[in-house]
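Each in C-alpha cells, the structures are laid out below.
Below are two complexes that have subunit A in common, paired first with subunit B and then with subunit C.
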Partner chain A sequence: MTRLHPFTLLTIAGALPALAWVLPAPAGAAATAAVALVLTLTPGASPGLTGIGSSPGWRPGLVVLRAALLTAAPFWVFLLLLHDVPTTIAIGLRITTMVASFVWLVAALEPARLVEAMVAAGWSASVAYLFAATLTAVPMLKARAQRIAEAQRCRGLSPRGGIASRLRALRALALPLVLSALHEVDERALALETRGLRPGIRRTTLAPPHDPVVERAARWVLLLACPAALVWRLL
Partner chain B sequence: MSIRLLALIPVAAAISLALSAAVDAVALPLFLDTTGTILATALAGPAVGIATGVVTSAVNTLRNPTFWPFVVVQVIVALYAWGAARAGLFRSFRTAVPVGLALGVIAAVTSTPISYLVFGCTTTGGIALTTALGKALGLPPLGACFFGSFVSDFGDKAVTFALVTSVLHALPRRTAARFPWALRAIGVA
Partner chain C sequence: MKSLTLEHASFWYPATEAPALRDVSLEVAQGEIVALVGALGAGASTLLLVAADLAPRVTGGRLTGAVARRDRSGIVLPTPWTQASGMAFTVWDEVAFGPANLGWPAHEIARQVDRALEQLELVPLASRDPATLSGGELQRVIIAAILAMDPGLLLFDEPATELDAAGAQMVWRLMRRLAGEGKAILLATSALDAVPDVADRVVWLEDGAVRAVGAPDLLADVAVCEAGLGTSVATVWRASGLPGPYPPTVAHAVRRWR
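On to the complex of A and B.
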C-alpha cells in the first residue's frame, strides 16, 4: 500500500469519508469504516510523523489500527452523551471512517514522495514547499516552545494561580517563540532565493513516483463514485 | 507573492500548531490555533493569511482529521483580521480585545453548522462537554451546539488578538517594515 502513488493514497483517504457521509447510515458507514480499519492493517504502514500510537507493547502491524481506534474512541463517548443510540452509531461510524482513513494516510504517505508527485504533476514548487516546510517546522517550534517553557520556569515563571497570572505566563512563553520564528523568515527567504525557488519556474524531480495507468483509472473511478452516490441518494 | 511572504506562510502555520501544544503548559482552556492566520494577515494581507489558514488546517488534519471541515473558519478569520489590520485595530489591547471577542461570536456562528451537521457537536472533548451542559440547561440541539462553540471561541479569539497585538508591538520596526501591512495594523502608517 505504501508503494501506491501519493495521489492514489490521498484519493482513497478522501473518498472513504465522503462515501461514509453520502451512503445511507448505518450500513453504508459501517462498510466504509470496515474498509478504512482494514487499511490500517496493511503492511508497510508506520506510525508516521506524528508518532501516534507508537508504544512498545503493541505488535507493529497493529500500531496504526490502535492509533485509529484511540483517536475515534472519545467521539463515541461524547456522541453517546449527546445523542440517542441510533444517531450515535450513524455519526460514530462516519467519524471512525474519517479518523481511520486519515490515520492510515499519515502512516502510509511519505511527505517527500507527495512533494515529488506534486512537482512531477506540474504543481507549483511553491505549493509543495508550503506543506513540506510546515511539516518540518512544527516539531522544531514545538521543541523550542518546550525549551522556552523550561527556561522561563527557571526564571520563576509559574503557570499556576488565577487566570490573569496564567495569561501573563502564556505571554512570557508565546512572545519569545513567535518573535524568534518571525526572525527566521528572512533566513528562509534567502535560502529559497539561493535555491532558485521563484514563482512560475518548473522544477525537475529526481525520482518521481511511478503512476501506472491502472492507478490513474482507479482514482477516477473513486472520484466519480462520490458524486454518483450523492445523485443516487438524492433520487 | 514575494519569496519572503512565501517563507512566512509555513512559519505562521507552525506557530499556530506549536502554540496549541504550548498552551497546555499554562493549563488554560484555549486553542490559539488561529494565531498564525491572524498574525500572517496582519503582517502580509489576506492572501497570505488565507494560505496560512488552509495550510494550518491541512497539517492539523494529519493530527486530528476532524479539523479539515473547519478550514472555512480559518478563511473567515483571515478576512476578518484583514479588516481589523486595515482599520489599525491592533494598535492597543483596548481596540484589539473587543474585536477578538466579536470574532469569537462570528467563529462560533460559522463553526456551529459544521460541528452540528458533520460531527453531531463532538469535535473536541471541551466543546462536547459544554454542549452537554447547554443541553442540560434546556437548549435545543442546535442552540446547545452553538453554546458549546461560543464558550470555547469567545475567550480564545480575544486572547489570540491580544497575543498578536503584543507580537506586532514587540517586533522591531525594521523587521515590521519588511512586511507590507504590519505598520498599518498597529496604526503607525
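On to the complex of A and C.
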C-alpha cells in the first residue's frame, strides 16, 4: 500500500469518509468502515505510528487497527449517551470510517514521498512541506507525549489511580506538551529557513513517485464516485 | 574581501525593551574564522541570527544599523534535532534536502551531497535513517547538510556540543580546511580551549556589545580570565599564581616553561 502514489492514498482516505456520509446508513457506512478498517491491516505502516508506544500484546500488523479502534471508541461512548442505538450505529460507523481512514493515511503515507509528488505536480515546496508536516504531527506529538510522561513518572507522578490523580497527571502532561510544541514551531521555522525552504522557491525533485495510468484512473473513479453517490441519494 | 559587515548593529527581540545586540560593528573576511565568546546571554547566538538574515526577518523584532552580506550564508543551529527536515528516509536524503530547495540540477545536488558526506566522514551512514542516529551523528549530518548548500559565509552556533572529543576535533579541522578554501566563518562557541587553534580572531561579547576584539591570545587576557572566559591553560596558570601574560594553550605554556 505504501508504494501507491501519495495522491492515490490521499484520494482513498478522502473518498471513504465522503462516501460514508453520503451512502445510506447503516449499510453504506458499515461498508466504508469495513474497508477503512481492513486498510489499517495492510502491511507497510510507517514506524512513526507503529513503532512508538506499541503494545506488546498487539501483533505489529494490528497496531494501526488498534490505534484506529482506540481513537474511535470514545466517539461511540458519547454517541450512545446522546442518541438511540440506530443513530449511534449510523453516526458511529461514519466516524469510525473517518478515524480509520486518517489513522491509516498517517501510517501509510510517507511525508517525503508526498512532498516529492506535490512538487512534481507543480505545487510550491513550502505548501507541500506544510501539508506533509501536518501528517507527521500525530506521530511526533505521540512520541513527545510519551517522553514527557516517562519524565513525569521518573519524578513520581503516577498516571494511575483515581480520577483526581489521573487529571493531575493529564495536566502535567498537557502543559509541557503544548508549550514545547509551540516553542519548537519557532525553532523549526528558523531551521527550515536555514535549509532553504522559503516561499516561492523552485525545489528540485530528486525521486518523484511513479504515477501509473491505472492509479490515475482509479483516483478519478473514486473522486467521481463521491458526487455520483450524492446525486443518487438526492434523486 | 569582506563576506560579512555589521556596522553599529543593534537588535531587539519582539516585546523586549533591552537590546540583545548593542552597537555591534564587525567584519568577517573570506578565508577568515572569527570566534564569538561570551557568557550566556551575551548575544553570540543573536549575532549569528542577524548575520544569517534570520533576525529580524524570521524571528521578528527590530534591527538598526547596517548589515551587508556578500555571500549566501548557512547557519548550523545548536539543536540538530530541530534542524533536521523530518522528510528524509536516509542521511543522504537529509543532506540533499537543502540543495534541492535551492533548485540546483540533480547531478550538482548529488556532487555536493557526496562531497559534504565525505567531509564529515558520514559516507558509512549515508543510507541510515536519520531518526536512528545519535545526537553527535545527527549534528554531523546537519553540518554536512549546510555545507552541501555551498554557502560562502558559514555560521556555527555551538557546533561541538553534541560531539565527542574526536568528533569535535574533526569539525575544528574541517573549519580550518573550509577557511583555506575561502569560506568566511563566524563561530559562537563555549569550547574555549579549541579557539586558539581554530580562530583567526576572537570577539568577546558582553551584554550584547563587543567588549574586546583581538587575536586568539585574547583568551589568555587577565580580564577575560577574570570573566571566566579564559582557556583552561590560562585559567590554571592564573590560579597557580604564575606571572602573566598567561599562555592560552599547552604549547604556549610549554614554551614559557622552558
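Just so it is clear, the second predicted complex is superposed on the first by the 156 of 235 C-alpha atoms of A that agree within 3 Å, B and C clash if a C-alpha of one lies under 4 Å from a C-alpha of the other, contacts with A are read in each partner's own complex, and residues count from 1 in each chain.
Please note the rule applied: a residue touches a chain if its C-beta (ideal position, glycine included) is under 8 Å from a C-beta of that chain, and two chains touch if they have at least 3 such contacts.
What you see is a predicted model; the values in this text were computed from it and never measured.
Looking at the shared chain after the overlay, A:Ala125 reaches subunit C, while subunit B stays out of its contact range. In the superposition on chain A, contact is made by A:Arg202 with subunit C only, not with subunit B.
Touch counts on subunit A: comparing subunit C and subunit B, the chain ahead is B. After overlaying the two complexes on the shared chain, residue contacts for A:Arg233 are found with neither subunit B nor subunit C. By the touch criterion defined above, A:Glu193 reaches both subunit B and subunit C. Once the two complexes are laid over each other on the shared chain, residue contacts for A:Arg147 go to neither subunit B nor subunit C. Shared-chain residue A:Glu110: touches subunit C; no touch with subunit B. Of the two partner chains placed around the shared chain by superposition, neither subunit B nor subunit C is touched by A:Arg3.
Of the two partner chains placed by the overlay, subunit B and subunit C both lie in contact with A:Ala133. Of the two partner chains placed by the overlay, neither subunit B nor subunit C lies in contact with A:Arg216. Subunit A residues 129, 133, 140, 184, 186, 188-189, 192-193, 197-198 lie at the interface with subunit B in one structure and with subunit C in the other.
The touching residues of subunit A, counted against subunit C in their complex, run 47, 110-112, 115, 125, 129, 132-133, 136, 140, 184, 186-198, 201-206.
For subunit B in complex with subunit A, the touching residues are 1-4, 6-11, 13-15, 17-19, 21-23, 25-28, 30, 32, 35, 39, 51, 55-56, 58-59, 61-66, 118-122, 125, 128-129, 131-132, 135, 144, 159, 163, 166-167, 170-171, 175, 178.
Of all residues in subunit A, those touching subunit B in their complex are 17, 21, 48-50, 52, 71, 74-75, 78-79, 81-83, 87-88, 91, 95, 98-99, 101-103, 105-106, 126, 129-131, 133-135, 137-138, 140-142, 144-146, 148-149, 159-160, 163, 166-167, 169-171, 173-175, 177-179, 181-186, 188-189, 192-193, 197-199.
Contacts from subunit C toward subunit A in the complex involve residues 49, 52, 54, 58-59, 74-77, 79, 82-89, 93, 96-106, 109, 131, 145-146, 149.
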